[in-house]
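One structure coming up, written as structure tokens, with questions to follow.
We just call them A, B, C and D in the order they show up, numbering each chain from 1.
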Amino acid sequence: MTEAEQAAAALEGLPVEPCNAADYERLARESLSAGAYGYFAGGAGDEYTLRDNVDAYTRWRLRPRALVDVSEATTATSVLGTEVSMPLLVAPVAFQRMAHPDGEAGMARAAAAAGTIMVLSTLATATPAEVAAAAPGAPRWFQLYCFRDRGVTRALIDQAEEAGFGAIALTVDAPRLGRRERDLRTGFVIPADVTVPSFAAAAGRSTDFTPADMFGLMDPSVGWDDLEELASGSSLPVLVKGILTAEDAALACEHGAAGVVVSNHGGRQLDGATATIDALPEVVDAVEGRVEVLVDGGIRRGGDVVKALALGARAVLAGRAPLWGLAARGEQGALAVLELLREEIELAQVLVGCPTPESLSRAHVARAAV
Amino acid sequence: MTEAEQAAAALEGLPVEPCNAADYERLARESLSAGAYGYFAGGAGDEYTLRDNVDAYTRWRLRPRALVDVSEATTATSVLGTEVSMPLLVAPVAFQRMAHPDGEAGMARAAAAAGTIMVLSTLATATPAEVAAAAPGAPRWFQLYCFRDRGVTRALIDQAEEAGFGAIALTVDAPRLGRRERDLRTGFVIPADVTVPSFAAAAGRSTDFTPADMFGLMDPSVGWDDLEELASGSSLPVLVKGILTAEDAALACEHGAAGVVVSNHGGRQLDGATATIDALPEVVDAVEGRVEVLVDGGIRRGGDVVKALALGARAVLAGRAPLWGLAARGEQGALAVLELLREEIELAQVLVGCPTPESLSRAHVARAAV
Amino acid sequence: MTEAEQAAAALEGLPVEPCNAADYERLARESLSAGAYGYFAGGAGDEYTLRDNVDAYTRWRLRPRALVDVSEATTATSVLGTEVSMPLLVAPVAFQRMAHPDGEAGMARAAAAAGTIMVLSTLATATPAEVAAAAPGAPRWFQLYCFRDRGVTRALIDQAEEAGFGAIALTVDAPRLGRRERDLRTGFVIPADVTVPSFAAAAGRSTDFTPADMFGLMDPSVGWDDLEELASGSSLPVLVKGILTAEDAALACEHGAAGVVVSNHGGRQLDGATATIDALPEVVDAVEGRVEVLVDGGIRRGGDVVKALALGARAVLAGRAPLWGLAARGEQGALAVLELLREEIELAQVLVGCPTPESLSRAHVARAAV
Amino acid sequence: MTEAEQAAAALEGLPVEPCNAADYERLARESLSAGAYGYFAGGAGDEYTLRDNVDAYTRWRLRPRALVDVSEATTATSVLGTEVSMPLLVAPVAFQRMAHPDGEAGMARAAAAAGTIMVLSTLATATPAEVAAAAPGAPRWFQLYCFRDRGVTRALIDQAEEAGFGAIALTVDAPRLGRRERDLRTGFVIPADVTVPSFAAAAGRSTDFTPADMFGLMDPSVGWDDLEELASGSSLPVLVKGILTAEDAALACEHGAAGVVVSNHGGRQLDGATATIDALPEVVDAVEGRVEVLVDGGIRRGGDVVKALALGARAVLAGRAPLWGLAARGEQGALAVLELLREEIELAQVLVGCPTPESLSRAHVARAAV
């Protein structure tokens, strides 16, 4: 249903209960300020990559197999050895309390209830400890930026390790903050009451600074040796998040990465960068099974997840989709989106003839005809 | 003529007598409730496959041959040995009484008058016997779902055999019901007075249950062995409906199918699945002439049929097109649409230089330039 | 300038003197009845081929060469040995008096003044003799349909020969009349006072019959032998108009054709047929220089002509473009359009680095990037 | 943000400070007459090439490399041995006083302040001496047309040499003026007070003549020998501006060019010509490193520049972008646009993992998936 059809339906007095992630975005847009909505929804520059992340999925077609026994279909799988209810994790998103008072704690509870992993942002409005307390038994990962002051980086890792986080996802596509023009147009600034206590503590700073300030502290000279040092200096596996090329995928494997996340930061950093699902195949080929490959960006439907797995991803990360749930209805909204996506994944698996995520293969997808 | 031009024409007081299948859809939309129209017109998910079924035909071009003697042009052909007036059959569509009181009986009479085969749905609002009585001498096929309770399946086959149906089309793309969001938005449910007596009788159930209930009874564990058993246990030839890959086409041939229907259930099951006309060539290649190949989905014009035949189909099935005729004007409307399509097929054959359906070949089509 | 911008310009009181063929179409649309405009502008079926004829030109790019001496640039060339001022002829269009009282006589004078050949339609509202009298010294060709009654065909040829026509263009893409739904919607019929005296005389009929009637007299059994007979039975060279494939191009050469016109009847016959400029290369290759190749359909700009010549055409035929001129402003309008096109061709030649039409080559075009 | 969103933002009272080149175009459109805006913004014919120059950049994707040390990133580079602050020069644009009273002098000061080269048009409204005086120490090049009267050409070169210009860019894509229909529609003529003193002096003419008159004085018979003569007869290096093919690129190298500018005159000459970024690769291949290759047309973003450099350009030229700045806000506006572009280039370099312009390579781009 297009937005226009939605509007028409609403005019006719029909109930328009959200029935997919796009519906939750519509609700979120209504409940957020223009600035906050723009911050979460927007991308860099002309937003080509933002849009292409989504569009690129439509350039792949599913090749369903018939008469396969799917009576015992399940979306359950594992990622880096951790059992999850589905091959979809919650991607790191900064400033979740700006979306809803439930914030990262609410998101953590939703992820736990949905049976999957939440990845907490360095720029979270809740500390790793708070998130751990919100969903004690649930698996969780920590997204990390590398700072000029290695002490800050180390302090963040320490927080994560102490709070029982199971992996580190090192973001490597943000040596500098992308240019997000929606924010310039709305004059958006992070509200004063939206603070990032964990990062502030690690940095020994008060909390009244902007994302640009924070990015100013990050280290633009980080190299592959730093990854190796980080990987060997932590008890946690380190995934490299922000890989778009075969070359870097191979380097990640060679320098100690436990996994690779094909990502362009949700289209928020380099406009014009390859859509993630288009970059996935070359990354998978280059990795040659040495580590697990994940992908984020543009995931709106269960069918997208199935395409990504068929192209070789172990799982996907979704950021905006559960965030729209959180923004619209707090923790329950985030959970509702995650449950919807899990159901869509299971249905797509069943209809493509794959009882398990592992049974998806390259033969289940093909480029769309042009 | 676009919808806008249609509207403009109507405003100018011009007569807008329906002159093609799209016109009948417009009339049907006016005469049906939003819910019923959405049920028949809609597809799964974001309806990419629904739209792509239609769009994909525009990505093929016809290569017409000149100075061929087409003075004796005919659309008459045969399908599985049955003579038909044209290479277009009426596809199975559930709940036809919801479209018009004439229902499946009216459709059967229209198909008979048009000289072609009607395929009756398992979820029909008329029994096989009623349909047979409505058009006694006409050829008819029966569409079958496979149920967990094999007795239900067997009872349905028995009904079809007793009523003189000539073939079974076993649907294999619906181990679970697709997610049709139009229905969720309109809050559509099958009206209480729309019953499926044949299926109810076979299942030993009263008639107040939903499509989801019915799909719940279907067997998601059906495999190729079941096809073999079905094919060998019935006097009727069994076509496998819902094939989109070369792999499954070959398996169907090996397991006793008498024919293959390239279908994605009209875009109503797996959104993102290949458009049927794009899947047809690989299926035809894999079948290697062992059985007849049919195709459905996206057929709106005689030229579409000609393209399908040139790509190797023996015939096509059209569901929505005659249904819009039925919805708009009952049996006469359905017949009008079938006659229009037959005329369009004949005209397209003549203009492409093929006096018979059999004279169409791969050389009569080419991919559109991009 | 889009139509919307045009409208805006007009609102601002700016002079909007027609400056290209599209402008003349706009004026023609204003001066014609909806029915007559639809008849001339429309195509068959969904008008895919009608639109694609135009769009296909945009899928080719020009590769201009620099620092070529173009000080003596000329568009003058020859077609079948006849000198013309430019590689663009006036295509046959029926019923030109329905566009403007000047009719075919006016068009003939315009073509003569522009220095090019007019091709007169069998279904003209002026006789060959009248057209010859209107522009005595000018070169002219005659478009021919082949009728069941070969006497009719012969009588038409006789008229053309007597009136000094220099070639016959035999239309081979119309064994039956295409389905033009615009006419069905507007309820268009040829007005009673629009008569085709030449054809009526040849057929020994009064003039009150429809295009469908006329097409009913045509012979759908014509074959390549008939072409051979026609070619050998006339003193005039015979071009075959309506070729879209390499196969037919070769057959035309083998059966006595003096030239081939790549044409799909302006998108008015088989909807879905290849765009003419996309079919041109394979025809040129198949002809191997044995005869001259012309192309029509979709010509709106001088740059289109230059692309066609670069792809191997000797010249193009334009039907609608000069017709819009005729409809808008009679003979002077037709001449204005022809002059505009000649200027555009010359400018495109100069800018692509080709002082003569003959200097255009395959290296001056390339497929557009996708 | 689309124009519609812009408008919406403005309605909501949000500050809409220009934040990219497109914003400056919007402001320029408001401050210029329709005729002047159309003159600067427009292209030839249907403006396919005008649009395609921009669109073509979206058909390339960036392949960013991670974990590269970009702490010392710089956009500084050299072009023909001249140090510049960034790989973007100001392209020649005629009649800049028509955009703003600051005219070419203002543009020269803006370019100097931005640290880059301005290329002055033959049809400038300021003389080379005035431009030199406006920005004494800054590097500057002179764009040259070749006139029938070689004395005019020579006089222009003399002016440029005396005023300390460092190179000549000989335009070779304008043997005749392109057909710019926007000007015909707005009835645009160069205002009487917009004069071209340098060209008038060289031509020994008063200043009341039109662009068409001026183009009438140009020599359409110029050939490669003339380039050779020009190159050997001047102390300045001569770049050939207006090359779109490998063939001409090779010829330019063989006939003494010091550089090649891949250009289609901003889409203002031959409509249908290849988009410049699509032509760049074949030119780079043909040049084989013998001379530097520049490219103009369609540059709107820093990411475009990065793509061009990755495809082998030494630098790009931007005409309209700084002109919109000049038109909107005079010299300061032009400088603001150049600074914005420099910042965007640096950001794109950093995010693609290239600390210097020279580190960009073919591996940093790929065709977009279709």
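Please note the rule applied: a contact is a pair of C-beta atoms (placed from the backbone, for glycine too) under 8 Å apart; a residue touches a chain by one contact, two chains touch by 3 or more.
It should be emphasised that the depicted structure is a prediction, and the values quoted were computed from it without experimental measurement.
K.L.:
Shortest hop count from chain A to chain D along touching chains?
P.N.:
1
K.L.:
Would you pick out the chains that touch chain A and also touch chain B?
P.N.:
A chain counts here if it touches both chain A and chain B, and no chain qualifies.
K.L.:
Angle of the rotation mapping chain B onto its copy chain C, from a C-alpha fit, rounded to a multiple of 5 degrees, please.
P.N.:
So the copies are related by a turn of 90 degrees.
K.L.:
Copies chain C, chain D: same or different interface, half of numbers shared as the threshold?
P.N.:
different
K.L.:
By mean C-alpha coordinates, which chain is most distant from chain B?
P.N.:
D
K.L.:
Can you work out the whole-Å distance between the CA centroids of chain C and chain D?
P.N.:
Those two chain centres are 41 Å apart.
K.L.:
Return the distance between the CA-based centres of chain A and chain C, expressed in whole Å.
P.N.:
Those two chain centres are 58 Å apart.
K.L.:
Could you list which residues of chain D touch at least two other chains?
P.N.:
370
K.L.:
If you go through all the chains, which pairs of them touch?
P.N.:
A-B, A-D, B-C, C-D
K.L.:
So in the complex, the part of chain D that touches chain A is made up of which residues?
P.N.:
Touch list, chain D to chain A: 1, 6, 9, 12, 14-17, 19-20, 57-58, 60-71, 73, 301, 303, 306-307, 344, 347-348, 350-352, 363, 366, 368-370.
K.L.:
Please name which positions on chain C make contact with chain B in the complex.
P.N.:
34, 45-46, 48, 52, 56, 59, 172-173, 175-176, 178-179, 181-182, 184-187, 219-224, 226-227, 240, 242-245, 247-248, 251, 264, 269-275, 278, 370
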